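Look for subunit A in each of the two complexes below; its partner is subunit B in the first and subunit C in the second.
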Partner chain A sequence: MKAVPGAGSQRAVIWWRRLIVMTRKEMLQLFRDVPIVAFLVYSFTLAIYITGNGIRSQLHEANLLVHDADHSISSRELIHRFQAPFFRLNGQVLDSREGLRRLDRGTAVAFLEIPPRFHEQLMTGEPTAVQLLVDTTNSANGLSVASYAGRIVARFGQESAFDRGGSFGDSSPDLPLITSDHRVWYNPDQNEAWFECISHLLRQITIFALLLPAAALVREKERGTVEQLLVSPLSPFQIMASKVLAMTLVILGATAVGLFGVMQPVFGVPIKGNIWLFFTLTALFVVTTAGMGLAAATLARNQGQVGMMTLLVAAPMLMLSGITAPMEAMPASVRAVMALSPLRYFIDIANGILLKGTGLNILWDSVLAMAALGASLFGFGLWRFRRQFQ
Partner chain B sequence: MNIRRIAAVASKEWRETVRDRMFFSLAFVLPILWMLVFGYGLILDVENIPYAALDGDQSARSRDYLYRFQQSRYFDFKGALTDEREVEPLLASGRIRAAIIIPEKFGERLNAGRMVGVQTLIDGTFPLRTDITKGYVIAINSAFNEERLVDYISRKSGISRVQAEHRARPIKLDVRYLYNEEVRSSWSMVPALVMFTLMLSSPLLTALGIVREKETGSIYNIYSSTVTKVEFLVGKLLPYALISSLNTVVLWIMATRWFNVPFRGNLLFFLAASLVFVLCGTGLGLLVSLLVRTQIAALIITIIITMVPTILFSGLIVPVSSLGPGSQFQAHLFPGMYYTNIVRGTFLKGIGPEVLWMDVLALALYAVILRFVGYGLFTKRPRS
Partner chain C sequence: MASSEPPIVKVIGFAKRYKKQVAVDGVDLEIKKGEIYGLIGPDGSGKSSLMKAMAGVLTYDRGTVEVFGTLVDSERAAERVKQRLGFLPQGLGLNLYPDLSVEENIDFFAQLRLVPEQALAERKARLLAMTRLDKFRDRAMKNLSGGMKQKLGLICTLIHEPELAILDEPTTGVDPVSRRDFWAILAQLLQEKGMTALVSTAYMDEASRFHRLSFLWEGKVLVSGTPTEVQALVPGSMVTFEAAPQVDAIARLKTQYMQVEALGSALRVFTEEPIPAAAMQSITSSLGTIKPVQFRVNEPELEDVFVALLLRQGEQPSVIEMPSVVPFTPNDALAIEAKGLIRDFGPFRAVDHVSFQVKSGEIFGLLGANGAGKTTVIKMLNGIMPPSGGEGRVAGADMRTAGGAIKERIGYMSQAFSLYLDLTVVENIRLFAGIYGLDRRATDQRLKWVMSMAGLKGYESNLTGRVPMGVRQRLALGCALVHQPRVLFLDEPTSGVDPIGRRHFWNILSRLAKEEGVAMLVTTHYMSEAEHCDHLALMYAGRIVADGSPADMKLSVEKEAGHLFEVLADDPGSALLELQRAGFAGAALYGTRIHLFCRDPAGDKDRACNALESIGVKINSVTARPLSLEDVFVYRVMALERQDRAGGHEAAA
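Entry: the complex of A and B
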């Protein structure tokens, strides 16, 4: 094959030069589509800002309605305990029917009813009960409301029992109880903006990585320009790889803008691990996801089909890979299917590097799984592409 | 407006859609598949949180305490630790999400009637999971504490356990769950998935259909024909509105028959409101298609402006009332939120137009405005 040693290296230079020229062509084509560029900028800046600022998955300001039939110090004190950030007192009603109506209308998610003689019973040590009606049309939120309300009421009860004093036959505060000392690692202040903007960044990367190369490839097929490319000295690999390369560079640039332009300065997201490792693995993720899109593109004949196919894949990826709902909640069967989603590994990698400061020594299995997935998807796409045109 | 010309445009569009077999079948398969995948997969009841425990005491008391975690379906025991230094790599790799550390002399101190601290280390990367894990730990701890306290009171003051229980917990909280009495995740997710599916599929179908003509140039046939702007837009949107309406019915049947979610409201009202919502979706697709020249741009923009707000701001997972002010504003800009109120209201609450009229009105306004904007943007005389 390589008779002259110089010829081989010369061929390699030409090979690379062709790849670079094609990559440049893809980039030019992308940047001339003004609406796409506008949305690319929006997605990696303003959208991340809005999401980091606004989304809270913990219970936050649940609208509480109260019917206080007692009007005593104790009932007022108990009502007062339902406070921000978990609850927001949304007024009092005079009877329970009105409370139910407000729950129906959705202007309140919980309705607390304090019975008459509440204070009296509490003072005499008689058992008493308060009722909480919870709207569970959003089940997770409803359970959360009930759990926080339970803690508030139990605490109030115990404290008022202590206040009466001597009722335990002993005034010493040392009781055989365990005090739980929770320490939250990696995000000690429970700053939700960190999680939300990292998740959002991953969402945007996924959407663009899935769609841009796939649509670019199918567009050439649809318009017939791919025939021109195939009669040129380019190999199918170069045609496919140049698209992926161009989009990967664009997405990496956008990620850098999002990370250093919004997430770090505005929300103070820490970058504990190695930033180069983060970008290298982001590139690997983009290539893997692009491989998924390209595999779909080789099956489709026009952009409409590719759009529907990628949407079919994108929605489950975005919803079930562990950035929207925790993996621990999903049934085993769904978790098994999600092993095929590269995002499922990348979330561990991104959180690991940014928040936990872990390196390859811990993340190697996720990286390996993602690389294997990427290689097989890319291989499948290339095989289909070759077969279609040769 | 000429009905025959509208019918001609609509039938041409319908044929074009039907003849692209893959596109056509995906238009129907996609909603069904999503409903199945998300109906089973998108569950927010966090269970089986992987944890490890370090029992520094190894007494009967500490074993009794840890047993409560092992028995709970919310926790999944991954192993016993012998050294606190083992915790870090396990949490860092995500193999466990929580670690419980029991100090030495745990049992001894409790038996002597003294307080003792138990440490819980929780992975904070996913705030929702962290919060839920914390809640479960607190619940187990307070159950354990209450028993200790009851024991202690009855021993100290020589009263029966029942009386001691009243003293340890003077106020009972009776919780009644409304609308979703057994608090099933699927009951609250599946109706909202009807919204999710329609919100994503109907704009995309429409946007692709119109830009396709622009990109391939076949729109010049329309430019040079006698078809007016209104006739073209109405005829063009009809097939897509029809597909989405059919999908609404299919999704309703799946929700009530397959996932057994109760439907307590008025079916006619639900279908009418859904039609208005579908018109919003197709209107959104129309708007996108008029603003861009290429299908790739239409695809990306439609997905970005529908998928992300639908996941985040429509009340699907996070209730709109707990969003920050900026996000609440954004939530009100998208039709998803209003329709979420309508689906959850008609399925679970059994309420009708008397409560939901505002939401329907908002959707109707939305659909009308989108059409006016679309009419204004569409021109039969292309610039350049």
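Entry: the complex of A and C
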């Protein structure tokens, strides 16, 4: 190079100009793609609203059937403790076989059987038992039914034991009892919508970050425009980075709409931490995930293939990174593989900033892991891209 | 072709629209048994819609389509005719399965059509031998070259021996030798099986291959008939000569003649004057002080006729305004220089010691079959693929060390036109200006230049996907020129564009070369376009096997093989076979006419006449024809292929 003062800065200006025109081009193309824009808008507004309103992991109106062979005060008392909103009493049957049939047919989720002499045994202090049959085809729901019912029965047993003790002597018995006092942190009302709609937001960010840049790259391959770019003075890095940059800006915009347009006003999701930190780290997450999509795009020949590939990556990422089920519940092998999922780190980051108000001092390890992952994924995609056209 | 027989296909008043877009508007057509009927027209002229309707795979809005006497107006009627026809859709190998081998593809189509096993084995062996694909039986279809794919597509379409073959642009993107093979196979099958074929093409120079043809233009039939009948519609002559300075000569001629083309240093002008002497006289007088030399007068080609017809229709050749930036004075500066370029892919040598030079202001044509190594040469010169050996300089930069500098100094236009169809015309130009690092002022300036050079006024904010192909092509050229490159690479730049659009495009290229001194490297499969080049190189199996101006190349083939003659005989099919038996190896059928090379015109003529008389075929006329570049290409490549096969046999023995 000639040693002209400013030649270096001139080159830098041109380098940036190239990146900017390419980024603008990607955004223009994206916004002219009506179905994609519609999908994007839906995903970050209505879909969040529906999820926040609709999904409950708490037990809700479980269909209960009862066979009461005792017909006593105690049995009636117990039955009436199975209350809405958790349970819905669906009537009684006279025959336990009928109850089993109803379970088989799926018209009842739980079947409670109270034996004859239930009240009498309680009163005399004899041990007694009730039977609860639960349909655990849907295991999560079934387990909740069992555990709620267990608690109700246990409490009823405890209280009747006290009552009986009270009826014999006046003073309350000196039994050692532990009461557990809950202090619910970060989400004191235990508002499920918060977690659900944050989770949904993360899901949408993940899907679009995987799909949009990958689809944009494959579209250039399909149409043959990538050849034109390769013989131009653009570097492979500029070609790929401009797509990621454009899609990151779009996704950040959509996230802002979802957060300030739906989650905060409708569900009152608190934003406790630094919002700029949240968006910065979201950008980092999108770039990292986009690197994964771009690597897939270099393997695909057409949009159909890249769609399938991103689905293949997205499904386990969304299922196993800790949104759907907690990370701690996974087998060690799955946890090891999921260390490669950027979403695994981003869940901690997003929930941390939005709900707990934590900052970099606590989240730094997640951020570091994600950045390292992003750099290597992006590097791999770039390497594949270069190799492909040699 | 007994005229009493009912027609195979009869179309009356056919019309088809896609939403608001009228694709075909009132077409009448009748195809007789045993003929090759041609549908000629640019992309979007309605050829495919018409063919699909005949094949029973597209509904239509108006008119009647009768195939084998059955009215194709319902799915059930379509099923009845589908049994008896074969349809090859447009697109190279699009009807084939890429992961199946050649043989598996053929077997699949045969089984689909319930061809008995015995018949399948016989036909397969024969068709594979004819197409010279028998060596590649086990090769996956995706690993075949373009020409081979198309031949396999033809086999799969014809394996059930249909009475009517409907072939939609079977020769697009296929090299001249494979194309000639393709026509030979089709002619032979027609002859033997009494088959009928309907073939479409966007290339006017293939028109002479048909017995009868219709020229479609914007959904209507502009003209139809035999090639001779069509030619007779526009009497005139094509005058070729040299005149210097060429730029001024063109300017003067344009005031008088509608069709003026620059072919390298020569000029080609169409006059409506059929008598040669008078034609030359009128051109000489219109040139005034510029003295034309080396006059040649020929009959106009079919393409010239079509262009003349379109111009009569009121289609105007657009005017090019090219505000010259830097006036160019011819010099000997080298724009591209390749010295002993080699590229190996594993043990396979794709490019083998390729050397050539292109001066500023010169149009250089790189010809060759698919897979001959043209694209690899271009990739190396563009600095996106390092050579395994040899060296080269492009626009003053060394391609081994300064790939980046090369990319900034060249323009590149590919066959796909590589534009963003969802951006507008102006957005595309601005994008490429930005990619090449132009600042705002320079961008505005060049935008204006590109708009007027390419005649894009009025299309500024149209989405690129919605403008006609010819406009899209010029836009792609404009985008490639936005940064004023001194060297321009054009990789098959003219597919699917109408004849007037193509002429316009070449006019621009030759002005860019002559007035601005841009050096160009062009690849094309269409030899009528290669005539525009100043200098040609023919590649075969990675090597340059012939090199020179178009005239030189023709001359050297004439020296080796003799002159080209056109024979009109009563029964061209049998006549061709007999001539080939009599030793005229290069004889080929063009519709009803036979072309053959004669080294010793008088003696060979007698020999040919005797051969034909011996089988009772009457010769109607024998006339000399000027050699086309396609003849040159096919002659050279066939000779090399024969050599390779002979060499292969020796090696095997």
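Quick notes
One rule holds for everything that comes next: the second predicted complex is superposed on the first by the 378 of 390 C-alpha atoms of A that agree within 3 Å, B and C clash if a C-alpha of one lies under 4 Å from a C-alpha of the other, contacts with A are read in each partner's own complex, and residues count from 1 in each chain.
By our rule, a residue touches a chain if its C-beta (ideal position, glycine included) is under 8 Å from a C-beta of that chain, and two chains touch if they have at least 3 such contacts.
Predicted model only: the values in this text are computed from it and were never measured.
Annotation for subunit A, partner touching more residues between subunit B and subunit C: B.
When the two structures are aligned on the shared chain, A:309 is found in touch with subunit B, with no touch to subunit C. In the superposed model, A:375 lies in contact with neither subunit B nor subunit C. Once the two complexes are overlaid on the shared chain, A:21 sits against subunit C while remaining clear of subunit B.
With both structures placed on the common chain, the touch criterion links A:129 to subunit B but leaves subunit C unconnected.
Of the two partner chains placed by superposition, only subunit C is touched by A:227; subunit B is not.
Of the two partner chains placed by the overlay, neither subunit B nor subunit C lies in contact with A:339. Contacts of A:46 after superposition on the shared chain: neither subunit B nor subunit C is touched. Contact with both subunit B and subunit C is seen for A:33 once the two complexes are overlaid on the shared chain. In the superposition on chain A, the residues of subunit A touched by subunit B in one structure and by subunit C in the other are 33.
Of all residues in subunit C, those touching subunit A in their complex are 382-385, 404, 407-408, 410, 412, 414, 416, 418-423, 427, 430-437, 439, 489.
Subunit A contributes residues 33, 35-36, 39, 42-43, 47, 50-51, 53-63, 78, 100, 103-106, 109, 122, 125-144, 146-151, 153-154, 156-158, 160-161, 167-170, 174-188, 190, 192, 195, 200, 203-204, 207-208, 211-212, 215-216, 219, 300-312, 314-316, 318-320, 322, 324-326, 328-331, 333-334, 348, 351-352, 355-356, 358, 362-363 to its touches with subunit B in the complex. Looking at the complex, you find that subunit A touches subunit C at residues 14, 17-18, 20-22, 25, 28-29, 32-33, 223-225, 227-234, 389-390.
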